[in-house]
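Okay, so subunit A shows up in both of these, paired with subunit B first and subunit C after.
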Partner chain A sequence: MKLLPQETLRTWLDRLTNDVTLIAPRIVDGIVLYKSVSTSSEVILDYSRPKMSAKEFILPSTERILSIEKRDREVTLSEPTSADQVIFGLRPCDAHGIAVLDTVFLKREPVDLNYAQRRAATALIGISCPQMWEDCFCTSVGGAPDDPNHVDLLLTAVKDGYVVNVVTEKGKALIAELELQEYGGELTRPALNQVEPVLIQEQWPERFLDSFWDLLAERCLECRMCAYLCPACRCFDVRDQLTQQGIGYSQHDRLRCWDSCTGSNYRVVAGGHNPRATKGQRLRNRFFCKFHYIPETYGLSGCVGCGRCIEACPVNIDIVEVLRDVSRASNLLKTSEISHNAGLGGTA
Partner chain B sequence: MAGYEPQTLIRSQAKELLESGQVQCVIGYESGSRGQVRPAFIREASDVDRLVWNQGCTHNLVMYLRDKKQLAGSGEQSRRVAIVVKPCDSRALNILLAEKQIEREHIYAIGVVCAGVVEGAGFAGQCSDTLQARCLRCSDRETVVSDLLVGEPQRTETIDDFLDVAELEAMSIAERAAFWLKQFDRCILCFACRQVCPGCYCSVCMFERDDSLWVGIATGIKEKEFFHLGRAYHLAARCVGCDECERVCPMELPLSLLNRKLNKEVQTLFSYRAGDEPAQSPLSTMLADGEESPV
Partner chain C sequence: MTGNGKPEGSDQHNPMRPYLGRLVGKVDLGTDIKLLKVEMIEPAEKANFADYRPGQFAFVSALGIGEAPFGFASTPSNGDVLEFGIAKVGSVTSELHSLEVAEFLEDYL
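For the complex of A and B:
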């Protein structure tokens, strides 16, 4: 095993900032976020889980995918380009989230070209979690606090520095000029949280018409927080917007922006029909997407077990509790079998 | 009602209301996962023991009446809902009553005497022993609307000095703008602040129209600024200061400060506090039949 000494780390990061945009955990107004940094001194190394995932650097919350400039009768189209970036300090669950995005946007035709371009320009340097925090359940959905699978390089903190696990060729290139030391010690794995029951995806369809979802959704605020904080949620909406206008001149931007299935207008189609008109139907989609649609279509979990939605939901819609409730009942759920919920009959 | 815990009284009243068919649902609080308290919707008398009352009951449940608006007009007694309200929440009831969003006879308000709720309430492992800032400033102990008041009111001498707002006002206009833009910059436009607000009940929010009439789809600083300032103006003289917007914000924006600045203006100019009476705010006026606009 190779060791990256503590004192080399910051000089390495500073060197990276010369060549690429460096994204790293940083404190912004008291909140830990992945943000671009201009010097290594802004990077924090003692952190748990940044408030937001790092997905915004690959799938931005607002992305101009096309500009349409019209001058008299001449129309010019221009597409944005991506600059090279390195995301440092990525937690394994956040890397798993990017793997979900990769699968959805890249593994099948048609490939999403904007995503592909940005992803190709991005390298991921993960740091193993020193522990699983209270809300963490990555080990229940195929991950681990020291999972090297979805990064280019994985660093694991030891005394005096970081043990470097080179996962990909991209990762190898990142440390090519670094002088690493031999590490003779052993790596101790962090203690793991209890593994939560996750229904296998074949069992989900029989839960589809269950009144459980309406009961659960009754307290849902229909905000978009859970989807926006989620490393793997990737729904978006696209709209053309007029940005400039003059005599014989106009400019439109085609914007792609995050969307969330919990929002009331999420599924409204032309003509005004909403096939997911109730809160219960939309909240159900959140869980079916993660545990049935994504696994069935792409073969991996659409939930990475980071626990951000559990921590942030102001009305305690707890994804682990939902998994427990759903896995408990073998047939259609009855109100009495659900841990806390009772309420309206089903409208699914 | 002396000698009984508020929680016991809430449960027994909920049981009676459900058993007698006076209400179809009781909206209250229950224990959730990871030691949290969360909103509960009780429809069976056998479930009333799930109801709790403690210092973690921070949620302003009045916002859930937004989903119950269809009750108004149904005319059936049995469609009534009961709702547990703290003094601040009860003022939000008055707002909805005055603005004709709900009808009084469709609501059974179980008022609870409140000595304040604690910081971190509603979030796992974050509950502290300290009262929320808004509760430290609050002298209301009794609800302004209730069909039953549980708990024993105690006198308090707290006054709201708006010191936090004074700090803001001490800044120059440019400093203030810079302060707010820096705060808004963190916003992710998840709309949790709007969704949790009992005063934000428009079925289509003007800041989020599918046709981008006023605000586009982007998550840019202009969109964020327009949304937050616009929402604050819409809540001026209507905000009851429950501070739920600030509690739910995942990016910790100091949204209550914005609302309190406007509340202070309204209090100074009109000697008015939102929700004390079931009357429309001085800022929302409607022309009576035959009355002509002065403008």
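For the complex of A and C:
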């Protein structure tokens, strides 16, 4: 194992800020956020889970995907380009979120080229969590506080520096010029929280018609905070905005903006029909998307277990409680089916 | 025009980048419903719309207003002109209705 000494880390980060846009955990108005930094001194290394994920640097909350220029009857279209960026200090759950975005935008044709360009220009340097924090449940959804799977480089803090795990070629290139030392010590595994039950794939469709979703939705305010904080939610809406206007001339931006399936107008179509008319249907979609549709379609969990939605929900809708309730309902039903069948003489 | 909708080393068209078309005909079908006839401007792009099937639809943009999905009202066997039967129900469709023949709109499959 290689060791990146503490003092080399700072000079390395300073060098990165010269070459690329460096995104790193930084304190903004008293809270920790992934933000761009201009010197390594702004980067904080003693942090838990930033308030927001790093999603906005890969899929911005509002992004110009096309510029439209109209001059008399001529139209010109142009697209933005992406600058190189490195996201440093990414928590493994946030990297898992980016992996979900990658599978949705890149794994199947047609590839989303706006996303592909930005993603190709981005390198991810993770830092293992020394522990699971309050509300964290990454181990329940296939992750771990020291999961190296979705980053280019993973750093794990030890005394006097960081042990470097080179995961990809991109990661290898990032540390190519660094002088690393040999590290002979052991890595201590981070302290884990209790693993929560997550239903297996086949059980989810059985829960689709439960009245549970309507009951849960009674307190949902449809504020959509959960989706905006979620590292893996990636739904968007596209709209055009006028930016400049003159005689015989106008300029417009086509914008891609975050959207959320829990919003009441998310599925409304022309004419006013809404296939997901009730809050219960919309909230159910949120959970089915994460725990059934995404895993079934792409083979990884659509929830990363960061717990941000639990912390932020103004009416305490707790995704872990939902998982517990859903699996309890499933098990209860199973038990009653078994006793029912037993009562019939076990012939079924 | 900067960029061609393709990243370096890729042949794929950017699916978020519309093809430019021109309105070549407009027919009233009833109250607030019009048949819009569209032709792709670039000859090479006509090929992208040479084969479509029942159930397929195109996103049609009213430039500067927005985009919406519309089923084809034409058949590929009738040539290059794409037809869309469009009811005026919102901002995009109102703008599409107000376009004059020979004006731009955009299309993508």
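Convention: the second predicted complex is superposed on the first by the 330 of 348 C-alpha atoms of A that agree within 3 Å, B and C clash if a C-alpha of one lies under 4 Å from a C-alpha of the other, contacts with A are read in each partner's own complex, and residues count from 1 in each chain.
By definition in this document, a residue touches a chain if its C-beta (ideal position, glycine included) is under 8 Å from a C-beta of that chain, and two chains touch if they have at least 3 such contacts.
This is a predicted model, so every value here is computed, not measured.
Student: In the superposed arrangement, does A:142 touch subunit B (first), subunit C (second), both or neither?
Tutor: A:142 sits against neither subunit B nor subunit C.
Student: More subunit A residues touched by subunit B or by subunit C?
Tutor: B
Student: Go through the superposed model and pick first if A:310 touches only subunit B, second if only subunit C, both, or neither.
Tutor: It touches subunit B, and subunit C stays clear.
Student: Tell me the contact category for A:190 with respect to subunit B and subunit C: first, second, both or neither.
Tutor: neither
Student: Per the contact definition in the header, classify A:68: touching subunit B only (first), subunit C only (second), both, or neither.
Tutor: Touch partner of A:68: subunit C, not subunit B.
Student: Quick one: is A:117 in contact with subunit B, with subunit C, with both, or with neither? Answer first, second, both or neither.
Tutor: second
Student: Touching A:239, do we find subunit B (first), subunit C (second), both, or neither?
Tutor: Once the two structures are laid over each other on A, A:239 reaches both partners.
Student: Determine, under the contact definition given at the top, whether A:318 touches first (subunit B), second (subunit C), both, or neither.
Tutor: first
Student: Name the contact category of A:5: first (subunit B only), second (subunit C only), both, or neither.
Tutor: The answer is neither, since A:5 touches no partner chain.
Student: On subunit A, what residues does subunit B touch that subunit C touches as well?
Tutor: 239
Student: Quick check on the complex: what are the subunit C residues that touch subunit A?
Tutor: 1-3, 5-7, 10, 12-18, 20, 61, 63-68, 87, 89-90, 93, 102-104
Student: Could you list, by residue number, the parts of subunit A that touch subunit C in their complex?
Tutor: 65-66, 68, 70, 73, 75-79, 81, 109-114, 116-117, 120, 238-240, 242, 250, 252, 254, 256, 270-271
Student: Flag every residue of subunit A that touches subunit B in the complex, lowest number first.
Tutor: These residues of subunit A touch subunit B: 28-31, 51-52, 61-62, 134-135, 215, 218-219, 221-225, 228-229, 237, 239, 241, 255, 257-258, 260, 263, 265, 268, 310-312, 314-316, 318, 320-321, 335, 340, 342-344.
Student: Spell out the part of subunit B that touches subunit A in their complex, as residue ranges.
Tutor: So the residues of subunit B touching subunit A come out as 25, 30-34, 36-44, 47, 50, 59, 63-64, 122-125, 182-183, 186, 188-192, 194-196, 208, 210, 212, 216-220, 244, 247-248, 250-252.
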